[in-house]
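The next part holds the structures, each set out as C-alpha cells.
Each of the next two complexes has chain A plus one other chain: chain B in the first, chain C in the second.
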Partner chain A sequence: MAKRVVIVGGGAAGMQTALELKSRGIEPIIIERDMDLGGKVRDWHKLFPSFTPASDVLQPIIDKVRSSRIRCLLGQEVKTFAEDGVILRSEEHVPADAVVIATGFSLFDAHRKQEYGYGLYHNVITSVDLERMMNNGRVMLADGTEPRRIAILHCVGSRDEKVCQKHCSKVCCITGVKQAIELKQMFPTADVFNFYMDIRMFGPGYEELYREAQQRYNIHFVRGRISEAAQTINDRIQIKAEDTLTGRPLRMSVDMLVLLVGMSANRDNEALAAASNLSLAPNGYFQTKDSFLGAVQSERPGIFYAGAATAPKSLADTLAEASMTASAVERYLRDKYNNR
Partner chain B sequence: MRNLNFGYGISRPRVINLDNNDLRKSNAIIAEMPELQACIGCGSCTASCTAGNLTDFNFRRLHTAVRRGEYQGAYEEINKCMLCGKCRLVCPRGINTRELIMLIKRKLGDF
Partner chain C sequence: MRRTSWQEYQKDIADDKYYYARSCIRQNFFPGSEKAFLDIMHNDLGIDIFDDPLHTSCTGIGYHSDIVPLETIMTVVARQFSLMADAGYEHFISSCITSFGIYNEILSTWEEFPETEERTRRYLKEATGRELVKPRSIAHTSDIMFHHRHAIARKAKRQLRNAFTGEPLRVVEHIGCHYAKIFPKSGIGGSEFPYVLAGMIEAWGGEVVDYPERRHCCGFGFRNYLVQANRGYSIANSHKKLESMAPYRPDFIVANCPGCAMFLDKWQYAIAEMEGTVYGADGHGIPVLTYEEMAGLVLGYDPWELGMQMHQVDVEPLLDKMGIEYDREAKYLGKNGKYIGKPDIAAVNCEEARSIYEIKR
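Moving on, here comes the complex of A and B:
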C-alpha cells in the first residue's frame, strides 16, 4: 500500500513537494486554506532576475498537480495533529504516515509603518500592489496619469525592531531592483530612486542586474532609510531621508512611493505550532532541527518543512527545497516501515 | 556699520533638496559616464587617495554630492586631486575615477 503524506499548504512549496513525493511512489494529499492552489506567487507578475512571467512557472506546476490526480482538499484548514495524521477544522480526520508543513509566510502589513502613509496617501503602494497593477496591464497614479518621479523604499517590515521584524526578508532587494527596471521600461523618462540600507545581492545574476539597473537604466540608489512621507498640497508625496554617503539630510517630492514589504512569519504559525507541539524561532518562523543536515526536518519525527514556513525564501529556493523535503520524507518512511 | 557683529548669523540649510536642485549638469555628467551610477559607496577611492590622506578631500562624498546637484564648492574641492590615479586602480566597479574627475572639472569649471 502506498504511504500517505499530508501536505499543509497548496502554494509553490506544497505543490512541488507533492509532485516530488508522487514521483517517488508516495501518495500526497494537499490541504489548502484558499479555494485555489498557487499561494502568494499567483499575485506576482514577473520573477527576478530573469523577468520570467510568474505564471510560466506556476501554471505548469498546478497543471501537473491536477493531471497527476493528487488529492487536494481546498478551503480546508488543519486544526490539530493526531498520532496518525491531522484533524481538520471540519473535524475530518485525515490519516497520514508523515506531514509536511508548507504554510509559507504572511506579507508584512505596510499600514504598520504609519510614517510612510500607506492607506492614507493615494500614491503610496506596496511592491505587491505594483505586481498586481502590472498583472492588470497598467501602472498609473490614482488620478490615472503616469508617474514622472518614483521612489522605492527597501526594508519595509524587515530589519526593523520597531515592528518586531528583526530578520532580513532576503528577496526584497532584488525585487526592488527588478521593479525599478520594470518602471523605467514602462516610463523611460521618469526618474526612479531606490532608498536602501544595505543591498544584498546573494543570488546568481542578481549583482549583474543591480549593476544594469544603475548603469544602463540610470536608476538612482540612495543609501538611507526614508524617515517619513507626507502628502504635498498638489497631491505628491514628500519624503525625507539622510543621504548617508554625503552625510546630509535629503528631501524630495515624488509622484509614487513603492514600499518593498517584507516577508513575516505566517500569522497562523503560533496556533499551528501549539497544535503540533513544534517550536518557533525568535522571528516567528518554524524552527528547523538543524541549519545544515536537518534543514527540512522538524524536532518531531514524521513532521517536515518545505518552503518559506521556516525562513524567507525565493521561489527558486522553495522549489529546490521541495526535492530535499521529499527525499527526507521518503528516507523517513523507508526506515520506519523496514524496521517494523 | 557693515562689520557690526551681532554674535549670530543665518545658517544655510544643509538639506539636499532634489526638488530645487538644478540637475542638468549632474545629468550631463551621468550621460557621459553612466558607469558613475554603478558606485556602491565602498570608499576604496577615498581610502587610497593621496590627497585625502593629507587634506579632507573625499572623492566618494564629492561625486555623490555632485550627482545630487550639489555643486557649490565642488570645483574648488576637486582641485585638491593630484590625478595620481590610484583610485582608478582600486575601484571594484571599474569606474574610471580619474577620467571622472576630469569630466566633473570640465562640466563644473569654466573651460
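Moving on, here comes the complex of A and C:
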C-alpha cells in the first residue's frame, strides 16, 4: 500500500511537492485553508524576470494536480502537525506517514506603515493591488484617469525594525523593477521612480533587467526611503524622501504611489509551532533543521517544509525546493519502513 | 476624511482628580488658556483639578538646549511627582507638550534603566528630603479636553460653524511634535494621524482639514529658534505649512503645543512683513487658537476673557463668522478695565497695514 503524506498548503509549494511525491509513488493529500488551490500566485499577473504570465506557470500545476486525482481537502485548517498526520481545526485526525508544511507566508499589511496613508488616500496602492489591476486589464487612478507620474517604494514591511520585520523579503527589488517596466510599457510618457535603500539583484537575469529598466525605459532609481505620503488638494500624493546619494531632501507630487509590500511570517505560525513542538526562527518563519544539509527538514522526524513557510522565496526557488522536499520525504519513508 | 487608524491608539485617561502642571511658555504667551482650562474643568465640568503653586518649570527648554543635564531634569521631574503625591493626587496632567514629552521620556527611561530611577530617588532625597512616587497615569491637558469633549458638546453654547451659512468651520489641527512623535502610544491616534484635536473639532461641529504638510513641525524646534542664526530654518518650517494649508482656506488653526501656537501665529506676522504674503481670507492672517480657546468659545466664554487679544493674528473675523458677540473696544482692556497697550498695526491684522517696511499688500 502506498505511503501517504499530508501536505499542508495548496499554493505553488504544496502542489508541486504533491506532484513530485505522486511521481515517486507516494500518495499526497493537500489540505488548503482557502476554497481554491493556487495560493498567492493567483493574484499575480506576470512573473519576474521573464514577464511570463503567472497563469502560464500556475494553471498547468493546478490542472496536473486535478488530473492526477490528488486528494485535496479545501477550506480546512490545521491545528497541529505530527509525524503520524495532522489534526484539523474540526478535531478530525488525518493520518499520514509524513507531513509537509507548505503554509507559505502572509503579505505585509501596508496599513501598518501609517505614514504612507494606505487605505486612506485613493491612489496609494500595494504591489499586489497593482498586479490585480493588471489582471483585471486596466491600471488607472481612482478617478479613472491614467497616472502621469508614479513612485514605487521598496521595502515596505521589509528590513524595518519599527514594524518588527527585520528580514529582507528577497523578491521585492526585482518586483519593483518588473512593475516599473510594466507601468512604463502601459504609460510610455509617464515618469516612474523607484525609491530604494539597496537594490538586491541576486537572481539570474535580475541585474540585466535592472539595467534595462534604466537604459531602455528611463526609469528613475532614487536611493532613499520615502518618509511620508500625504494627499494634495487635487488628489495627488505628495511624498518626501532623502536622496541619500546626493544627500539632499526631496519632495515631489505623484499621481500614484505603489508600496512594495514584503513577505511576513504567517501569524498562526506561533500557535502551530507551539502545538506541534516545532521551532520558529526569530523572524517568525518555521526554523529548518539546518541551513545547509537539512533545509527542508524540521527538527522533528517526519515533518518537512516546502516553500516560503521557512523564509521569503521566489516562485522559482519555491518550485525547485518542492523537488528537494519530495526527495527528502521519499528518503525518510524508505529508511523508516526498510528499517522495520 | 477617512481617518480611522486613530482608534488603534488609545490610552487610559482618568475621569477626575488631576494634578495640573503648568507651561512656562503658555503662562507668558497664552495666559488666558491655562485659566480657561482650569475654569472649564472646575466650573463647567465639576472636575477636581489641583493647580499647585509649589511646582516649577520642568526645565525642558533648558534640557533640549543642552543647558540642563539629564540628571537634573530627572530630579526636577521627580520632585513634581512627589508634590503630586503630597497633594493626594495620582493623575498627572501637563499643560505643555514639551513637558509631556519630558515626563514620558523620563518615566520610560526609569522603566528601561532602573538604575537611573534609583539614582534619581537618591538625588531627590538628598536635595529635598522627598520621596519619589510615580503617577498612576500621565496625560496632556489636550488629552483631558478630548476625554471630556462630549460633555463639553452637551454644554455648548455654540458650535464650530459659520453662523451665517451653517457650514462647519474648516479647522487645521496642529499637534506638537513631542506629543506623540517620541512615543506614538502616548498620544491619542498615534503620531501619524493624531486624533486628539481632530476629535474635539468633530465633536464640536467643525471639519478637520487634511493637507500635505499636516505632520510637519511648526519650526520651533528649540535650537531652530533659540539660536538666532537658525531662525531662518524655524520660519521656513512655518512657511512650508502655511503655504500647504492655504489652498484649503481654513477658518482657523488650533494647536496643542505652546511653541506651535506661538510660532504659527507670530511667524505669519513675520512672513507678511517680509514678503507681503498673508494666508487667511480678505488679506488677513489665519487665526491660531489654543484648544482651550476653542473650547472656551464653544462654551460661550468671552474672547477677551480667554486672552485672545494676545494673538498676533486678529481673531475678530473668526468671532464674527461664528456669530459671537463681543466688545471690540474692550479688546485691550485687561483686568479691572486697565488698558494693557495695543500692538502696532501690521499687514497680517485687520486694520489697514502701516508697517515700517511699507510692504505692498
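Here is the rule we use: the second predicted complex is superposed on the first by the 337 of 340 C-alpha atoms of A that agree within 3 Å, B and C clash if a C-alpha of one lies under 4 Å from a C-alpha of the other, contacts with A are read in each partner's own complex, and residues count from 1 in each chain.
FYI, contacts are C-beta pairs under 8 Å (C-beta built on N, C-alpha and C of every residue); 3 or more make two chains touch, one makes a residue touch a chain.
Predicted model, so just to flag it, every value in this text is computed and none were measured.
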Touching partner for A:199 - first (chain B), second (chain C), both, neither: first
Which of chain B and chain C A:93 touches, first, second, both or neither: neither
Which of chain B and chain C A:230 touches, first, second, both or neither: second
Which superposed partner A:331 touches (first chain B, second chain C, both, neither): neither
Touched chain A residues, chain B compared with chain C: B
Contacts of A:267 with chain B and chain C, given as first, second, both or neither: neither
Partner chain in contact with A:71 - chain B first, chain C second, else both or neither: neither
Partner chain(s) touched by A:245 [first = chain B, second = chain C, both, neither]: first
Contacts of A:219 with chain B and chain C, given as first, second, both or neither: first
Contact residues common to both interfaces of chain A (with chain B and with chain C): none
Complex contacts: residues of chain A adjacent to chain B: 199, 211, 214-216, 218-221, 223, 243, 245-253
Residue numbers on chain B that touch chain A, as the complex places them: 14-19, 30, 34-35, 37-41, 60-61, 64-65, 67-68, 70, 93
Complex contacts: residues of chain C adjacent to chain A: 1-3, 5, 190, 192-193, 210-215, 247-248
In the complex with chain C, residue positions of chain A that touch it: 111, 114-115, 119-120, 228, 230-233, 238
